[in-house]
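Encoded as structure tokens, the structure appears first; notes follow it.
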């Protein structure tokens, strides 16, 4: 009888029982999916991006389906950090979920204030700083470089400041819309991030041929789902060649095979995003399938798998 | 009875009877598809990238299917410009196809030599300079910025030089893997390009979980097909906001509705790429469908459609 | 609220009009707790095209089965139409709030536009049982062959008023003008489901007459569970955190009063 | 070469072994010109998943029909298995070079590994007709129930040598060792189709014995028409422009002598 593989991983000071996370914005605040499975089984729940004040987000329509994916322009609608602490956190704690609070702000101060507040309220086990939301600018005005994570200098500044504001493990979530992913990734590492999350959605757009209007009220949105997986795997591999800190892989992960693809390319954790919409228990299937895979291939621990692609 | 719409467009000095092209590398040298339809009906045939000498390209495997798309790493295998002129061109001329010769080189000199040779041999009606092939570097060594079109300065230099070498209409084909597409697009315009072709494939990668190896011998490849359409439409729209020269739209176009999407977003021409693999006569269906659409919406000419998205 | 994720066998599947189908699925767990106006998300594709599930209302709710009435619109519903009896489909549900059943209203009028009728038979039945009297029904569609469920409503005892855009059956009229003629008033509750423009005009008539009006909205959905915030419409609530209401979780049934009908999204609606 | 793009009705579709099917398609235009060893590209999906067509050999070529023998591997063949008689499938073909039929050879031995047998019945028939004598056939597979087409070969008059990895039918042996025992020699032509490793070992035995050997290769394909350059394998040709040969257009049948069996791609093969 083979012993069961150890699926534990370490992301900064946080030890996770397994590497399977659910992505910010695709799992609400955990409660929405607790009716389908035991969310404490997840490596961690990553919350919807939290801002200091509640946000209404963008006008609808906010979603368009595209081949093997979807475009969204939610615009970071969220209840705000205070309502999160008062109304959402107790459920997550009660269910014994490991929680990574994803935070979003417009200024460095917003980020540091959010990190401090979350640490003070013991409102998460780690923080993921969303430096890469594509949907908070009106596409009619802002074009080109609009995200913190499109500038290595800005990443360094933001990550450093958040790092100083909290002792919680800190992960920097980056955009794929850059020239060379190694630069922002290294900037996050230099700024003191304990991990980088790769990738947020790819910028995209869709037009209604009959109505001759953009399909999203915000015009531009973020592309996610299996369609973008090859792009994400490539960026994870690129970043893994230069980083010392771990990578949280995200982008089109639908099943255990996809998860293994990210691990082999260099990710330490794997995140199920849009696939949860298709199969609410997709993350559990990934977890079970990953354990099977490791048993079948006689891997005792994930170290043997992470970055183990033969080139 | 409504009159038939005029589908003619102008790309630099070249007038095309309609805006439907077939993409470089997906239509061979024309002959391969002439058995399925009359290739003279196309706005133009864009040839496989031609280099000065024949190239064997990358080692196989060179193709992987991905959700709603495919990754390729052909590595610019081609017969070379002389064999093109001697063996491929006569067929294209005999069939009365409008021909855009796509060229690729390692140095500025390669490009200018190719352009001169093609003009001298009267071997094309226009030239598309592929400044964006993702598959010509060994991914084990080269990472990050490896394409001419990832640097506005290089684009300017290359485009200027080719512009001086030929009077043929010149189109610059750009990569989507940049921070802000407006910069390379403007550099091409400044360098004297008559149009920009957007987009070449997106960098991507796939790993075989069972064999723990990259699925492509070249490790990294270019992603194409419907999966990337939202990315391409977005980049066309971005570029169209700043360019005076026309845009040749490429990326996941499968049917007339997709083509209209690109036109509304600001493209002047539309190119069918990977979809030809699925339906060898896809470009004809796009052409017929586009004419239907224009008739149905009572558009007399494409000017009324290009960039006509209401925002 | 309890929700399930179940493989449910198709027990019957009929084309009831050109491109319009009625599908019966066996799902005892869901049928037991489902309420009129709720919906489910069907996994129509086996691969990733289309990627998302498709939301469909419960047309009728039986002991162990539910039926769905749907129209083929695009790729998803085309795949749905290919399911054969005996095959299983993965179903997520029951979802959404459903219609409140309040016998306190003296008069109940159901207004259906086109395939929007799919949300109303279960409601008609529930109201009949709760009020001891069948509701009135306005059945409007573009043309005669798109008028569905008239027999079903009549079997509950409903007075059914037919209206078509082309006059091929019933009156040549829109649902709102039929409602006007029926003279709703205070103490009347109107339930509307159909195209946005139809629900809006029906709402206007109902409100002008002092009647209460509920609408069952549609929106592009990803999760169906309130998690993605993709399916929102704008409400009249002022606070940042409350402005956007989710069709999937806060709805699909809303009191027309709380909807901001002037807002952008409603202009965008099909 | 003439090629067609046709909607072809399924006339019959049977599961012949676990997960292995024989499909008959009516395609008079293609059947009329198709040759053994050629293939077609089938549009198995209606949407974009999977996006590409699937290449399949002609197993048997009739007057107006062809048959295909295939194994369910993944998403594409799973969809293929769902086609019902009467339904139409879009077919692109005939593609590839096919096997040369040369009665000049005194002895013909066909070696099939697993589902690779699918390429050989039409060849056996053509050789029988051309040579006035049926070829010998080696039928190898992992296990008894995967040995397909034995009856068919026997009906042409072939001597069929069975071999399985597990000894559940015929000899417990690989195709190459059976070939060895059959003592091919100069004047013998061997035709191999199966897994890469099987074709390579069969080639080695044939060449060592001085026999001519043809192999029918497989590769991931996009276009099937020679346009994409995706399906290449490395040849022993030295020139840059000739080094890579296309399985779809230059093949799928190659003389084993021109293939660079040491090359990267063959190590990669499944």
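Going in written order, the chains are labelled A, B, C and D, and every chain counts its residues from 1.
The rule is simple: a residue touches a chain if its C-beta (ideal position, glycine included) is under 8 Å from a C-beta of that chain, and two chains touch if they have at least 3 such contacts.
Computed from a prediction, not measured in an experiment: that's the story for all the values here.
> Please give the intersection of the contact partners of subunit C with those of subunit D.
A, B
> State the chain with the largest centre-to-centre distance from subunit B, centres being mean CA positions.
Farthest by centroid: C.
> At what distance in angstrom does the C-alpha mean of subunit D lie from that of subunit A?
Taking the average C-alpha coordinate of subunit A and of subunit D, the gap between them is 46 Å.
> Using mean C-alpha positions as chain centres, tell me how far subunit A is from subunit B in Å, no decimals.
Taking the average C-alpha coordinate of subunit A and of subunit B, the gap between them is 34 Å.
> Could you please state the distance in Å, as a whole number, between where the Cα atoms of subunit B are centred and where those of subunit D are centred?
Taking the mean C-alpha position of each chain, the two centres sit 35 Å apart.
> Quick check: what residues of subunit A touch more than one other chain, meaning two or more?
Residues 67-69, 213, 225-227.
> Taking each residue of subunit D in turn, which ones touch at least two of the other chains?
47-50
> Once you've mapped the touching chain pairs, tell me: line, ring, star, complete or other?
complete
> In their shared complex, at which residues does subunit B touch subunit A?
Contact set of subunit B toward subunit A: 66-69, 71, 140, 143-145, 150, 177-180, 182, 202-207, 209, 212-214, 219-221, 223, 225-231, 233-234, 237-238, 241, 252, 257, 260-261, 264-265, 293, 308-311.
> In the complex, go through subunit D and note every residue touching subunit A.
47-49
> Report the residues of subunit B in contact with subunit D in the complex, numbered from low to high.
Touching subunit D: residues 25-28, 32-33, 35-36, 48, 53-57, 59-65, 67-70, 72, 74, 77, 79-80, 83, 213, 217, 225-227, 254, 274, 276-281 of subunit B.
> In the complex formed with subunit A, which residues of subunit C make contact?
1-3, 5, 43, 48-53, 90, 92, 219-234, 239-241, 243-244, 263-265, 268
> Can you list the residues on subunit C that touch subunit D in the complex?
Per the touch definition, subunit C meets subunit D at residues 45-50, 75, 78-79.
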